[in-house]
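Here subunit A shows up in two complexes: once beside subunit B, once beside subunit C.
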Partner chain A sequence: MKYFRFIWKNVFRKKIRAFLTMASIVLVLVLIVVLSSFLEGMEGTTGTGKGATHIVVQHATGLANFMPLAYRQRIEQIPGVVAVAPEVWFGGMYKDDRPENFFGQLSTDPETWAVIHDDYTLPQDQLKTWQAERDSFVAGKQLIDKYHWGIGDRIQIKGTYITGMLDLVLRGVYTGPDESNIFFHNKYLENSSIGRLSRTGIFFLRTKTPEQVPVVCDAINRMFENSEAPVKAMPEKQFMLQFAEMMGNVKLLVRSIALTVLFTVVLIVANSVAMSARERTTQIAVIRALGFRRRQVLALVLSEAMVLALLGGLIGVLFSIPFTHMLVEGMKHSPVAPFAYNIRISAATLLTAFVAAVAIGIVSGFVPAIRSARVKIVDGLRQVA
Partner chain B sequence: MWIPIKYNLRNLVVRKVSTAMTVLGIALVVTVFLLVMSLAEGVRKTLSTTVSAKNVIVLRVGAQSDVQSYVSFDQFEAIRTLEGIERNKDGQPLVSPETVVLINIPRKDGKRTNVIVRGVGPEAFTLRGDNVRVVEGRMFQSGTAEAIVSTRLKERFADMTIGRTIAAGSERWTVVGVFDAAGSPYDSEMWADLHNVQDQAHRGTGYSSVLVRATDSGSGRDRVIAGVKDDQRIKLEAKPETEYFAKQMGTAKPIQFLAYLVAVIMAIGASFGAMNTMYAQVSARTREIATMRALGFSRTVVLASFVLESTTLGLIGGLCGALLSALIVHAVLTAPTGTSNFATFAEIMFNFELTVPLIVSGVIFSLAMGLFGGLLPAARAARLKIVNALREA
Partner chain C sequence: MAHSLISVEHVSKVYRRDALQIPVLEDINLEIDKGEFVALMGPSGSGKTTLLNLIAGIDVPTKGRLSIDGRDISSMRETDLARWRADTIGFIFQLYNLIPVLTGFENVELPLLLTKLSRRERNEHVRSALTIVGLADRMDHYPRQLSGGQEQRVAIARAIVTDPLILVADEPTGDLDAKSAEEILVLLNRLNEEYHKTIVMVTHDPRAAGRAHRQLHLDKGVLSPETPAVVERSRDSR
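And then the complex of A and B:
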């Protein structure tokens, strides 16, 4: 610690260089935080805590196929099942067909909705009204913030693969892990093509305890194995993961980008530390002549890189939070809007970024530090800048 | 004039390590940019490779893709009677009713994703001409549960070789052939017999979409489109096949967005790196610069030659990056890759496409990094006072 002032002075000996090097570390860390937040957002965060008792049942062939509504009564009788709701993904257009105006529209049974989605909160009186009025809907807080709907407002949604128009009135606002959807009465769909066929897209259900989830999934799968429409039951987390898997190799792509980016910044920082050390060969020779050991010189130069990396890391992590928020806000009004939701910065991401900064410091400081430690006193003193 | 230029360029060689590191940094940024952009370009190219400008696709009003569409048998019969449709030798209208279903099956890496199974009749092949042809095995027989798969599908999914049976839910198809669809979106699909697909998917007698060949891509096509919209028996939506696929291009948007985001942030970072190198050079060469100025070279010449030095740094980086990404695309990333098509919810497969315009933009990009990195240090070099600089030890 007693050498700290010495290290500090050396780091800021050339202010522009210190600033530029730190700025590139800051930029890279911001990018790393943004990229890992995107990755986490894509994977979704449900399935922990209360969501651990949720099961989703879909048609075995794939989500685009529908199952008979009559399955509901049979699933309800399986021991451990608390409640079941048939849900249909309406996939309609609000206002226009621009992707920034797309959000999830799900039909559900409001009688069991609150029991199953125990991770959502909806005021009791709003739930009562919603249950009573078949043309009403509830929306996630996020959508309210985006569209500024008020209770009692009507919205129209035009069907795409399900024909018809939804004309719904807002009766409640829910909060919870995923606030990017609206839920409406499944009775509203009774006269649509799906309603007439008595079919549904998925069954959403909840078990009493998380331990029952695999048992119940198994029971459901076996129950309809040989029917006209076999099903696949799975924990909600796995259901959500399907969508991330459908994105293909995007995850690998993002990871490789992050690694390359880290490598690039290591080059930049290493180059800067090396330049700084080279310019001070005489100084290093002098302190060696004063009695400093080789490993002390090594530690000094390495510490310079660490100071740069830690300062850059700290600023980068701090700066990445408002930057990511800004970016997400911007994305909400662009064609990539569907990705903007669910992006949150987790503590783990920030920690990873900071660890990356430490790694940048160590890796990039090492080679210049060894080179400086190897300087022969005689050569160093003889050299003139 | 040549002396400062030679002086600056030779200096790049003198400090090899520092130059190499700066160049490598710029090269990596260009490589990342080019690779991600060639991914987006792959999606774009696949969706813009269509078969014929005369083809018109008929869908339910509002449907974004045939996966979400439904056309009844009666509507199909009415479409056949429309004006502007090309006829074959026997005088029959060239119209192909098709039923698509999505099946969820595992890729080679074990992860599952959606794939389109397209039920087609013989007309489907007539309408696509030579663009869809069997390259291995044989065509499926009508009335059976046989199927042909695209070459990209075969490479990317498990169990797609000839003789294997693909199972999803209660549906079963046996692969008897492999087809090539000339890089069009059909290259991500599996094709089987129309009636078999209707049966297995319990779709009744209706279809998902109807593909129509117009007599020409002008007035004939317009008449078909108007007829589909206005005929009381039909009331559906028709659009040119090219336009239909172009609308799905949104799939590439997030990838492009990612490319620009990473590129812009990293470009600033890399030019900071270049700036660092150049500042160090200017201060290490203070006396040399002053000597040049004393010899009579103007400030402008010094400024220009230092900017040239850093731009050259950027250019070498850009060229290395272009070379590196070309190497990666042609040697490592040869297998088709895929992502979810938001309009169909099925996987769309494509190859990385590193085009010449992309490479040019990458190199220009690297020049910009060098220029930006060199401007301020060069200005400092040009501003040096001769007397002070010469005096400096």
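And then the complex of A and C:
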């Protein structure tokens, strides 16, 4: 600790350089936190906790094909299944076709919805009203906040691939892991093309325990494997990941960008520390002459890099929180809005960012520190300071 | 027979630059007693600074033996030598070599960071050293806020703060005006006489050398016979 003042003063010997170097660390850490949170958001918060008992069943060839509604009764009989709801992705336009006005519109069975979506919270009286009124809907709180809807408000949604117009009245506001959707009655679609065919896009179901999920998935897949519409049952998390994977191997791309930027910053900090150490060759020779050992010089120079990196790390982590919130707000008005609602800055992400800062300090300081420790006193003193 | 404090026996130093061998010191023999003030003189490239560096333990001889206070430093391991330097040697450089980001106080404190002294004890030592050099009122000034003479006095405080046996000074007045140089020489004399510091000083300046008890002349790496510096010293002592 007694060396700290010496280290601190050397770090800020050239203030502009120190601040610029620190700024580059801050920037990379903000980027790491944002990208990691984005990745975690893409993977969704489902699949853990209550969401771990959810299964989605779709047509084996993809979401573009529908399955007979009659499958529902057969799935309900599989041991471990608590409840099943057929759901249809309406995919309509609200107000206009601008991406920021796009949100999920799912028809469902309000009688089983609350049982299956046990990770959502909807006041009991609102649930009852919704269940009773055929043309009503419930919406996620974030959508309510975005559009300032109130209970009793009526909205119109124009169908795109399913023809027709939804004219719905708001009867409930739910909260939960994904508040970017609205849910309305399957009955509302009875007169649409899909309704007339007695078909559905997906079956959403819940098992009693998470351990039953793979067993039930397997049983469903086998049950319909030789039917006219074979199905693919999977945990909800895996279902959500399909959409993320539609964007290509985004995770790999994002991680590659983060690693490249991290490496670049290591080089920037290393260059800065090396330059600072090189300018002080005489000073290093002087302190060696005074009795500082090589390993003490090594520790001093390494500590300078560490102080720089840790300060940058701390500021970066602090800055990343409002920055991520800003990004999330921005994303909510874009086509990737559904992912925005899942983005949270986890403690693990912040810890990863801080570990990255420590790594920047150690890796970037190591070579300059060794070079400084190797300075020969006589050669160092011969240089003009 | 009593041991000399500094004993240089048949010491040679050869620098190697690629395939080239440059002899700098040849078969130097020298004894310096405790409490002596010795001036090393000679033209540029005569090997004065090299001999000073060997005595200070920041360079090692190619041949020969160097013992200080009975310890053979020519065969010491580097880590031991660093510790030995911290305990035994105080350095005074021509260009002062203060750390620009540290205040006068912090510069003087620097060698004490290597000791086990508490913060309070370090504080006391630094204040004493700065008082001896007459700069107790400037301890919070940074080197850039001091004159050349004041900077050199801070450097001298840094050299004496650990109470070393030997002070090595390489052209301590070489970068100073006449008045400041005189003040530094008076201070070195005081450290020698009052505090019994053994001083080895490299200088070009005959007036500075005149302050020493002995003047040693080096020429092309060879030590010439000694000249006692009686005249200058007796004049200054009046």
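Assorted remarks:
Keep in mind that, in the parts below, the second predicted complex is superposed on the first by the 375 of 385 C-alpha atoms of A that agree within 3 Å, B and C clash if a C-alpha of one lies under 4 Å from a C-alpha of the other, contacts with A are read in each partner's own complex, and residues count from 1 in each chain.
By definition in this document, a residue touches a chain if its C-beta (ideal position, glycine included) is under 8 Å from a C-beta of that chain, and two chains touch if they have at least 3 such contacts.
Since the model is a prediction, treat every value here as computed from it, not as a measurement.
Look at A:F6: by the touch rule set out above, it reaches subunit C but stays clear of subunit B.
Of the two partner chains placed by the overlay, only subunit C lies in contact with A:V378; subunit B stays clear of it.
Once the two complexes are overlaid on the shared chain, A:I16 sits against subunit B while remaining clear of subunit C. Look at A:G104: by the touch rule set out above, it reaches neither subunit B nor subunit C.
When both complexes are overlaid on chain A, the residue A:E279 reaches subunit B alone and has no touch with subunit C. Of the two partner chains placed around the shared chain by superposition, neither subunit B nor subunit C is touched by A:G176. Applying the stated contact rule after C-alpha superposition, one finds that A:A289 touches subunit C and leaves subunit B untouched.
Comparing subunit B with subunit C, more residues of subunit A are touched by B. Of the residues of subunit A, those at positions 384-385 touch subunit B in one of the two structures and subunit C in the other.
By the touch criterion given at the top, residues 2-3, 5-6, 9-10, 12-13, 282-283, 286-294, 296, 377-378, 381, 384-385 of subunit A touch subunit C in their complex.
Interface of subunit A with subunit B (complex): residues 14, 16-17, 20-21, 23-24, 27-28, 30-31, 34-35, 38, 59-65, 91, 93, 97, 99, 158-161, 163, 193, 228-230, 242-243, 245-250, 253-254, 257, 260-261, 263-265, 267-268, 270-272, 274-275, 279, 327, 331, 334-336, 338-339, 384-385. Interface of subunit C with subunit A (complex): residues 53, 56, 58-59, 78-79, 82-83, 85-87, 91, 93, 95, 97, 99-102, 106, 110-111, 113-114, 119, 158.
Interface residues of subunit B, counted against subunit A in their complex, comprise 17-18, 21-22, 24-25, 28-29, 31-32, 36, 39, 60, 62-64, 67-70, 101-104, 111-114, 168-171, 201-202, 250, 253-255, 257-258, 261-262, 265-266, 268-270, 272-273, 275-277, 279-280, 283-284, 337-340, 342, 345, 347, 393.
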